[in-house]
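After this come two complexes, each holding chain A, first together with chain B and then together with chain C.
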Partner chain A sequence: MGGSGSRLSKELLAEYQDLTFLTKQEILLANCWLLLHPLHPSGSSRASPSTVPGTQAHRRFCELLPQEHRSTEESLHTRVSLEQILSLPELKANPFKERICRVFSTSPARDSLSFEDFLDLLSVFSDTATPDLKSHYAFRIFDFDDDGTLNREDLSQLVNCLTGPGEDTQLSASEMKQLIDNILEESDIDRDGTINLSEFQHVISRSPDFASSFKIVL
Partner chain B sequence: MSRQPKSLGEEAGSGVRGQVRSGSPGTGDRSGRRPSKKRAPRAEGAAGRRGAQPGQKERAGGSPGPGSPRRKQAERRRHREELGERGRSSAERTCTERRKKDGRTSLKEQRAPSKKEKEVPRKEETWKRLKKHRSPSLASSASVGESLSEEELARILEQLEDKKKLIATVRSKPWPMAKKLTELREAQEFVEKYEGALGKGKGKRLYAYRMLMAKKWVKFKRDFDNFKTQCIPWEMKIKDIESHFGSSVASYFIFLRWMYGVNLVLFGLIFGLVIIPEVLMGVPYGSIPRKTVPRAEEEKAMDFSVLWDFEGYIKYSALFYGYYNNQRTIGWLRYRLPMAYFMVGVSVFGYSLMIVIRSMASNTQGSASEGESANFTFSFKMFTSWDYLIGNSETADNKYASITTSFKESIVDEQESNKEENIHLTRFLRVLANFLIICCLCGSGYLIYFVVKRSQEFSKMQNVSWYERNEVEIVMSLLGMFCPPLFETIAALENYHPRIGLKWQLGRIFALFLGNLYTFLLALMDDVHLKLSNEEKIKNLTHWTLFNYYNSSGWNESVPRPPLHPADVPRGSCWETAVGIEFMRLTVSDMLVTYITILLGDFVRACFVRFMNYCWCWDLEAGFPSYAEFDISGNVLGLIFNQGMIWMGSFYAPGLVGVNVLRLLTSMYFQCWAVMSSNVPHERVFKASRSNNFYMGLLLLVLFLSLLPVAYAIMSLPPSFDCGPFSGKNRMYDVIQETIENDFPTFLGKIFAFLANPGLIIPAILLMFLAIYYLNSVSKSLSRANAQLRKKIQALREVEKSHKSVKGRTTARDSEDTAKGNSKNATQLQLTKEGTTPHSASQSQTAGKKAQDPGISSSASRITLPVSQHLPVSRPPGVRPDSGQPRPQTHPWRSASGKSAPRPPH
Partner chain C sequence: MSLRSRRTMTGSPARTTRVKSMTPSTSSSRSRASSGRQALVGPEDAAAYSTATLRILASMPSRTIGRSRGAIISQYYNRTVRLRRRVSRPQLGGVGRSARPSLRLYDLELDPAALEEEEKRSLLVKELQSLTVAQRGHMLKGMPLGLAEKRSLREESRTLTGKPRERRGRRGLFPCCGWLRDTCVLALHGLGLWLLAGLHGLKPWRYALKRIGGQFGSSVLSYFLFLKTLLAFNALLLLPLLAFVVGVQAAFPPPASPGPVPAFTGLELLTGGGRLTHTVMYYGYYSNSTLNPPCVPAPDGGQCGRETDGLPYNMPLAYLFTVGGAFFITCITLVYSMSHSFGESYRVGSTSGVHAITVFCSWDHKVTQRRASRLQHDNIRTHLKELLAEGQLRQGPRSVCGRLRQVAVLGLVWLLCLAITLGCTVAVYAFSELMIQSPVSAEQGGALLALPVVVCLLNLGAPYLYRGLAALERHDSPVLQVYVAVCRNLILKMVILGILCYHWLGRRVGALRDQCWENFVGQELYRLMVLDFIFILLDTLFGELVWRLISERKLKRKEKPEFDIAGNVLELIYGQTLTWLGVLFAPLLPAVQIIKLVFLFYIKKTSLMANCQAPRRPWLASHMSTVFISLLCFPSFLGAAVFLCYAVWQVKPSSTCGPFRTLDTMYEAGKVWVRRLEKAGPRVSWLPWVHRYLVENTFPVYLVSALLLAVIYLNIQVVKGQRKVICLLREQISNEGEDKIFLINKLHSVYEKKERSRGGRTQEAERLEEDPDAR
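Moving on to the complex of A and B:
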């Protein structure tokens, strides 16, 4: 695999294969992809050679990488900012792109993804990931306020995401209410007015085509 | 990554290395000091091994056994000082990192941690006891892993199993990568360490070897899987299409790819067992009449127009049935070619049947668990309607629109489920549409019948024009081109959901094509019968010619006459080759029509719309011509019927499968290009949820229908007398009888004769029917039981609903209490710790309680779970700064240091 292969050591690659649902090629592809995009180092503590902004600097960064001793770590820890992830063609049209990035980001401000976060993302959205894992992350994506349950606000936000940004496709207030009432009626088993993870997974596990649609291919 | 805002619940589950924990929770003092003394050597042993190789990112993979105890001791002593420092520094670092960490808690992991939690207390216990047992031996500086009692052994084994399970399932845990990595490494280290130790008694080396082999095997399997995924052709292309056009369009391409695979196998079968042996070992071209172009055709045999019609040299080649000789064995291998020909013809059908049914079965197995979908219409629409593969903004806009409509539709449905005012109109429209379509079908059927009749007249005439010769094909292609859009227009009246509409459309076009196909077959059959009736005459003529040639006077009797040149021998029409040629022509013309349709209908239209839009009076892109949508139903059926032709024709034209492989290959690339370049996604993007099985069902039907004429021909039509591998026989299947009689021992022949006895076959069929009936009833009763169980579960859930909510509230309160106590404990611990070892040892007993928590609806309770870890390993800080360092205790630490980050809201 040439340059991209040398950057990830064999052991790490094997571990990543153990830890994700991705194949070796996909991991290398992801790595390559991240390296080939201009990087903005987010943590000042991790001074990487790419302090000069722009693609030029990045190219230098890539060229410098193999020679340097800590190349692997550098490439693993440099973070890609949210805007760049969002401009990915695979995510561009997705109404949940911000949520996806937030859920998978491990940086303090939740505004950037490291390579490992990115692998996590791809793993969850891969073909072979277990439905449980998928539904767990789906729940977190839909949980807009990160409070652990889907309440009415989350649901209405979700509906707004699904109906798109255009004014003409938005639902009216009464329709929204009706819809959310129906959903709660169906899925809220313990009748506490919110949907929690186990209720969510209960519903999702019955869905015939959730697993096939909840995937992203790089 | 160490500063990620990790929920405390998560950390509770992680047995992070670097910190030793004792098992006695209530007494902070004791637990702080004593175990650390006992445990420290062990901890450092592990750490020392690691420290000895600072650059190492992973533990050495190959050697599962522990290092020699003596050396370990030395290392331990050496590293004790180091660790002291490192531990302290790491503690400081983690404190600062805590501070940096912002207080946001992500969603509490509810399920996975709860699983982990159950493990945690058990492990701690194990550790405690383990230590107690071992402490005397440790004090007397005995080696570590030597004297394990049975009890300990069992416990460690159990723990080992847990760890192994963790290794196997860690990838499906919803943790961030850093955590997974730590977990995995720790578990692997544990397994490696103890597996060797446990294996000591019973042949350690063998055990190590087995472990090594197991590892190698896993690696090999993984590599093989990687290789396999790499070998799937066109994966990227199809995924690309899927992301632009949704899964329904992609399903066609997946079907096409599958078909290509099947055809490759068939091609290998026919090519390897029939064509190659014939070409290599058979009598060469020009040696016998059936392998020679007749004298009358000779001068035109190489013209392109003749070759294009598969006449001339192509007709007398190994591509067609007539070329094969009826010699029983050919070449020095004594290869039984006629037998092979027959068996390959049968196995083509056998293999196809098997593969279609198998893939149908596997498709249904995947979709077995449906049925409750009616209960969750809204939730499904809400949570699963977005197709995350959509990467195109146009498609996304369409999807937004379709989701909105479906929301609105279902809301309206829900509100007015009782009112069905439009039902009569819809019904009327549907009946009308079906009536119109039946009219169309009848009309096209008659048209084909008419054309076929006419072509029979043409075939008797001489000097027919090109159009008259190809009239049938042209009419059929035109019908195939114009009827489907007509049907689609009519189907717009019906107002079905596109997925259902697609099925209707598929069914209708299927009927159309089927009518065409069978009309074509009947015409062909007439032709064959005509040729068969002429055969006797030609046979006599041939004999007469040969007789005359050899017995004519005027030749020197002493010198034998040179044999008659094979090109001059009069010969029969060889109806098998004629049929093969028909199928070959049909396949090729079908392919050309498809490609031309794509070029004209899609590409030229797209170009026109795209470029003429600048200078046109209305908006071409949004208005009338617009871009074409990908025609799923037409393409799928085209593929299926083409395959039917191949199945029917491959017996008479072995080369047909090769042509089809080429066709599929080109159409894969061509259609991929056409779709991506000149089609737009459907207005209502819909998922192809299980229509793949529908395709398969149609394919099976076509396979069966194409099996019928071939079987009829084999069983009841006599083969031509002067061409093909079965010439001279009464029926084609006689070749089997011949082989049994001549090549097998006599008793086998008797057995076969006995098996072929109707007295045996009829009971066998009866038995099969009985078996089918029995299995069917069993499956029915099982599904009934299934439904009942489901009902029961639902009822139980109804009952439990109220209980659950109450219980959830109480557990939440409980855990809050314990959390408070816990943090107090930890504070004490923190104080005592400074003096003893840098490796903190904090503990709490809440984990036991937590394990019983159902894990539902008490998110707050998860926050203060204690961290438990039992494998003391510390990593040199330089290796992997973010994942390798000891993770500090979350809550206790923070409260102790006094500079804690803002607490997450409970």
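Moving on to the complex of A and C:
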């Protein structure tokens, strides 16, 4: 791995492999993608390596980068704005893309992702992450108002995200009320009108499909 | 290194928490009596809680566990302690405040503000240090913290690994082994990472599978993953055969058969006969004696020695043991993967809570294309509306007349389908009898293809009839409809294969008494496989491509045909059954199957991308893969194993060809060998003993079956017990929730009284100020 290997040192790679659920190829791919985007702020599809099949082309892309972006320190601290992350093909069609980016962002204004935040994101959505970790982050993604529980507004916003973007795809008010009543009846065990993390994880543990559907493959 | 600290958010008076305002005295009876919930208090008439109450509510542990770092750290600290303590029994009673810091965890949850976050963190680091390297790595990976914090935790917990661990008295006997063990584990860990990276790079078709998953979702992807699994099974079957049977025989070819060698025509690839008959492909080629390397006469003109010219290789024994061993390994792998898949997909109590599960778990994040994403939106919306409608329906009464009519229609459709199956079976039987009666020589090409063509046509046509009949019946749940269709197709295929097996082992053996019947059976299975592949191609072409063209041009519909997952998977299982049936008679059949599967992958992928759309009905991908593997194990592999056992134990091998030509049954080769071992001497006497008392005797089989039944019964009881415990815990949590609401209301009323009395006092003071005389 000629050019791209000089970007991340071996120790750093080993450390990332130890602390996340990603493999070496996935980490290098993520690094490559993130470094490209500051150069192509329009996020054109030509620049995105994910649309180019195979890792050979990725390496060629990485080798095209100018020298000044090859230092490890700089690559770790480069922050990519939310719009550029949202243009990633894996996230473009996802109705939860904004929430996902906000949950994993560590900047004070929650509007940009560093390389390590991006790795966190990929690690949680990877194949081998534990269902526990996935359900924890799924809860945070669904908690639209960030108050630690899923109340009725969170649930109705969640259902609207699921059914579709337009006005005509949403459920009627009575259907929504009925649905949220059913959901709360099934999952709110302590009957306080909201779903907290433990209740959410209890519901998720009953569905074996969650781990396989909560996956993003880079 | 930036520490992310998400403090608990202070409540704002504008945001009212919607909590049912009930008093516990009436609440318990009311909530247990009513099946549904009480109507929740709307925002207009919710009690406006004071700032203090809201602040307390927002900082409750159940609400902060998802957000605050301190709560996450203490939760994982608890888990680490539990992990470390797993071997030793926890102390009961008499646990007071003591100087040992690890016991303070009992107070952590009660008094979160007392211990600062840094203290909690240091406790967690201390616990992490006492774990093994592998456990620590696994714990760190699974923590929902940022990468920077995980790195700092790892650094801190690594610094004191050289410290002798006297507290863990369990390993106190060999202190030096700790360091050695750690080094070994680290080295293995590095090796494991390297292997994983290598495997990840080697994974075939990774990009293609990603595109399929992105465009069609997990359910269609499960078909292609199943195809990959079958490839692995075939490779597992082929390797021992290549190594011990085919390779050896190819290196030491038997003396050439008398008669002219037929010329190679293209028809051999279809019929499997002709030129291919006397090759390593079929059973008849293999010799029935021990193979010796060709002896080179000594330079001084001496004779070839017998035992001194290298190890003799007993071909019949090798053939029997390799086929038996390969089947045994396949059986173990199948049962293991089936139980693993079942364990992942079965959950206690998974039938309830379908609304919540649909809303939380049904979005497939693998889907990346806009069109597919829109389709997923539509599917989920339809599913939610169906669920809501079902809920309404279930509450309404069902008329007896309607139920009876539904049952009658169901029974009729099943009878018709079974009649069609019977008709197909009779047709195959009659045709096979016809083939035996008519004088067709073994070398004639085209006529040999007649029976396989008939079988393939029936396998192709009958499912369309079933689909037509299934349009008459209406099931409550769409998933049940699919399972019923799978069941019917499976019965048809298995019954036809059963008839063919009877035809081969029962009738052909007698008809071809002086010829090589095993070669014939091997060739028949080869023909069936090749024609099956050709018919799948034709079905894909006409069923998908032509149908899409017709529906686009003539019918002007924008909908593409759906990809029929169940039908395609059954075709794969059928092909694999043919391979397993034929392995004894044609050892290279798994190689043919591997080539066929590789071609099938590319053809199906191309056709899928061009012509099809994802199925509308929601499929549970994990349940499906369990069902596929179970179907592969139970009718398919079990049937092939029964066929193999019957052929090995009961049928007389032909006397003119093959490795067992002088024996009464194939199994006798093993018996002869055991008898020779008995005479060989006392050193290997345990083997004949094992053979006599464990293999020939029937008692161990009964013992093993009884043990298996006992284990299954125990597991069922354990699941029942778990269900009961879950019910009890739910009741307990619900009671705690009521306590919580009671306390909140009480707090609220206390604050309100205080506010009112304070407000009253200030009002009184103001009134007195304004009008000191008005008292």
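List of remarks:
Heads up, the rule we're going with is that the second predicted complex is superposed on the first by the 186 of 218 C-alpha atoms of A that agree within 3 Å, B and C clash if a C-alpha of one lies under 4 Å from a C-alpha of the other, contacts with A are read in each partner's own complex, and residues count from 1 in each chain.
Methods note: contacts are C-beta pairs under 8 Å (C-beta built on N, C-alpha and C of every residue); 3 or more make two chains touch, one makes a residue touch a chain.
No experiment lies behind these values; they were computed from the predicted model shown.
When both complexes are overlaid on chain A, the residue A:E83 reaches neither chain B nor chain C.
Contacts of A:D209 after superposition on the shared chain: both chain B and chain C are touched. After overlaying the two complexes on the shared chain, residue contacts for A:L171 are found with chain B and with chain C alike. When the two complexes are overlaid on their common chain A, residue A:D117 makes contact with chain B and with chain C alike. When the shared chain is aligned, chain B comes close enough to touch A:S9, but chain C does not. Contact with chain B, but none with chain C, is seen for A:A109 once the two complexes are overlaid on the shared chain. When the two structures are aligned on the shared chain, A:G193 is found in touch with chain C, with no touch to chain B.
Shared interface residues of chain A (contacting chain B in one complex, chain C in the other): 14-21, 23-25, 89-90, 92-96, 106, 116-117, 119-120, 123, 125, 129-130, 132-133, 136-140, 142-143, 146-149, 155, 158-159, 162-165, 169, 171, 175, 178-179, 182-183, 185-187, 189-192, 196-198, 200, 203-204, 206-210, 212-217.
Of all the residues in chain A, the ones that touch chain C in their complex are 14-21, 23-26, 53-54, 89-90, 92-96, 106, 116-117, 119-120, 123-125, 129-130, 132-133, 136-140, 142-143, 146-149, 151-152, 155, 158-159, 162-165, 169, 171, 175, 178-179, 181-187, 189-194, 196-198, 200, 203-210, 212-217. Chain contact summary for the complex, chain B toward chain A: residues 1, 3-5, 57-58, 61, 100-102, 104-108, 110-112, 167, 170-174, 176-178, 180-181, 184-185, 219, 222, 225-226, 229-230, 239, 242-243, 247, 367, 369-370, 372-373, 375-380, 382-393, 395-397, 400-401, 403-404, 407-408, 411, 414-415, 687, 689-690, 797, 801-802, 804-805, 808, 855-857, 859, 880-882.
Looking at the complex, you find that chain A touches chain B at residues 9, 11-12, 14-21, 23-25, 72-73, 77, 89-96, 103-104, 106-110, 114, 116-117, 119-120, 123, 125, 129-130, 132-133, 136-140, 142-143, 146-149, 155, 158-159, 162-166, 169-171, 175, 178-179, 182-183, 185-187, 189-192, 196-198, 200-201, 203-204, 206-210, 212-217. By the touch criterion given at the top, residues 2, 4, 9, 17-20, 31, 36-37, 40, 58, 62-67, 137, 140-144, 146-148, 150-151, 154, 190, 193, 196-197, 200-201, 207, 210, 213-214, 218, 344-350, 352-357, 359-370, 372-374, 377-378, 380-381, 384-385, 388, 391, 620-623, 730, 733-734, 736-738, 740-741 of chain C touch chain A in their complex.
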